[in-house]
Amino acid sequence: MKIGLVDTTFARVDMASFARKEIEAEWPQVKMISKTVPGVKDLPVECKKLLEEEGCDIVMAFGMPGKEPIDKQCAHEASIGIIQAQLLTNRHIIEVFVHEDEGKNDADLLKVCKNRAVKHARNAIELILNPKALMARAATGVRQGREDVGRIR
Amino acid sequence: MKIGLVDTTFARVDMASFARKEIEAEWPQVKMISKTVPGVKDLPVECKKLLEEEGCDIVMAFGMPGKEPIDKQCAHEASIGIIQAQLLTNRHIIEVFVHEDEGKNDADLLKVCKNRAVKHARNAIELILNPKALMARAATGVRQGREDVGRIR
Amino acid sequence: MKIGLVDTTFARVDMASFARKEIEAEWPQVKMISKTVPGVKDLPVECKKLLEEEGCDIVMAFGMPGKEPIDKQCAHEASIGIIQAQLLTNRHIIEVFVHEDEGKNDADLLKVCKNRAVKHARNAIELILNPKALMARAATGVRQGREDVGRIR
Amino acid sequence: MKIGLVDTTFARVDMASFARKEIEAEWPQVKMISKTVPGVKDLPVECKKLLEEEGCDIVMAFGMPGKEPIDKQCAHEASIGIIQAQLLTNRHIIEVFVHEDEGKNDADLLKVCKNRAVKHARNAIELILNPKALMARAATGVRQGREDVGRIR
Amino acid sequence: MKIGLVDTTFARVDMASFARKEIEAEWPQVKMISKTVPGVKDLPVECKKLLEEEGCDIVMAFGMPGKEPIDKQCAHEASIGIIQAQLLTNRHIIEVFVHEDEGKNDADLLKVCKNRAVKHARNAIELILNPKALMARAATGVRQGREDVGRIR
């Protein structure tokens, strides 16, 4: 299995490293390829290239949109593009975006970033190697970045 | 006939199970295949894969967007992707989304989820096996999740 | 000439019937094929199937979005999909949407629905059989659902 | 060179005529083909058909969205479709939209319409026959509909 | 290596020139081709043509949306199109948009434009010739138009 990791120079937290460490530790047999683009709107095509030109089975797209309305709009445009890239390749791209205003302070933001990057790294690997692990967690209120919220009964 | 059911680990109510039970009870001859992805934005490509790679005639996509504006935006992006996936495959994907703030409380939310999942399971099966049943209900104010509202005369 | 008519079980007024009657009365030689889907987001692919699999020259898509913001968003997503379906087929799909809050009351809403369905049925037929009739009305402030507003001079 | 002109019955000012007169007067050798559709959402596919089925080198799409929020949304959907149509054909479609609330009064609105239609007719012709003329005006604050605003130095 | 530069007549600052000078000075071996279109919504297809018909390895798209809500919407539509153009070509298009209201005054706006154009010119060249340079700046809070904001630790 081969996974692509694409991040941006714009982001202020190195989320891809959290994911790389998790994958190295838990799935040492998985091959990784990393790329960096300027901002979130450059992610869709870079992810598609990794799937089509580098033979990745799945890609993680890391981004950290800023606090301004224009940043939110860029993230929205990037998300639409990331979904389109998946539809054109029939492969998954796991979007790992943390908005800069999600954290109460820098320490909290770092915590959100690490939690989300690590949990989504597991999701990405399991989607390819062990989809039954995801099915076992179906509809259980899983959250990436914060604590799970659980199922409503 | 073969139907795909895709849900998320993010959701807090197991809507796919409601649909599976309905289909098993009413259309035991229909084959089912189930998948789970992390969140609603991962649904479009998974549905497309079920249609193209697993030979499904139709797919149901279950999601439960959260209460925050960012959750609403994710649902919007997922919906656009689900429609695109249909246009690229010429097959239907029935979107079964329940927003977490649709219910007055947990019990009510569960009721909305069950009602919507079961009614849309019937819609999905009828679209393939009995389209005339849908035509008989044309423009009659059918609702999934709540009571039908009826035709205006 | 063959025209497709797709409506929804969600709608509360039977707009497709208004269109069918108009076409039967005025263009009896035109073949019609009708389909019903659950809601407006199911319209794009059904219209595309009628164009590609049933040989329709044009399709009318009837929908009645509800009053809530989520309904408006669904209509927006459906409209984007309907335009995409046209671009993928090089055929027209005439969108006939009436928002449930367009009418002052039920009687007025019915009137809007009938007016819009009938006028757009004529538009659809003329786009195929008599495009010069549309050109003769170019830029004259034509409205479907209400009275025409006329040209500004 | 062949140019397509598509307008709507919905519009209240005959912008296509302004463009036709300008082209006839200044570029008599340019062939023109005209079409009319009901509203702005019908423009994208008609433009694409002119490019693909009628051999146009470029198309102008004239529309006049109304004053209501729903009209603005229709224009937005049409614009997305017009951009998609260009990407699918590798040809330009010059969108010439004037919102009905752009004018202070009817006389002013007419003036905006004429100015925008004529200037964009020149843009469309120059994109095909004389792209250097556009390059000479690069980043000079050109406006269609109102006076140019000039370069910031 | 060959880079395309597309700008608009609408913009009020000549950003493409800033980029051209930077590239000429630092990477004299890189071939450049320039185009001008009327406005930002004309950028997506022109960029795609440069990639597909002129053999560019990458394209920069320069635009300066105005201050009004309609200008913001045009920029949003253009951005969606620019992302789609990348997905259809598997090549990068670096969007260099400066909103007219980003500057406190004309002098500040000019400074933002120059900073963004020059930094993105470097990004574009490095994406093709030296992707490791971008990887070295991954997640370091790089900004184009203003000072970098740095990594959160």
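Which chain is which? They are A, B, C, D and E, in the order written, and residues in each are numbered from 1.
The working rule: a residue touches a chain if its C-beta (ideal position, glycine included) is under 8 Å from a C-beta of that chain, and two chains touch if they have at least 3 such contacts.
Note that the coordinates shown come from a computational prediction; the quantities given were computed from them, not determined experimentally.
Novice: Going chain by chain, each one touching the next, work out the least steps from chain C to chain D.
Specialist: When the steps are counted carefully, the minimum from chain C to chain D is 1.
Novice: CA centre of chain A versus CA centre of chain D: separation in Å?
Specialist: 41
Novice: What is the distance, in whole Å, between the centres of chain B and chain C, each centre taken as the mean of its C-alpha atoms?
Specialist: Centre-to-centre distance between chain B and chain C: 25 Å.
Novice: In chain B, what residues contact two or more other chains?
Specialist: 80, 84
Novice: If we trace the ring from chain A over to chain E and keep going, which chains do we hit, in order?
Specialist: A, E, D, C, B
Novice: Touching chain B in the complex: which residues of chain A?
Specialist: 76, 79-80, 82-84, 86-87, 90-92, 94-95, 99, 120, 123, 127, 131, 134-135, 137-144, 149-153
Novice: For the complex, which residues does chain D have touching chain C?
Specialist: Touching chain C from chain D are residues 7-17, 34-38, 41-42, 44-46, 48-49, 52-53, 62, 64, 70, 73-74, 77-78, 80-81, 84-85, 88, 106, 109-110.
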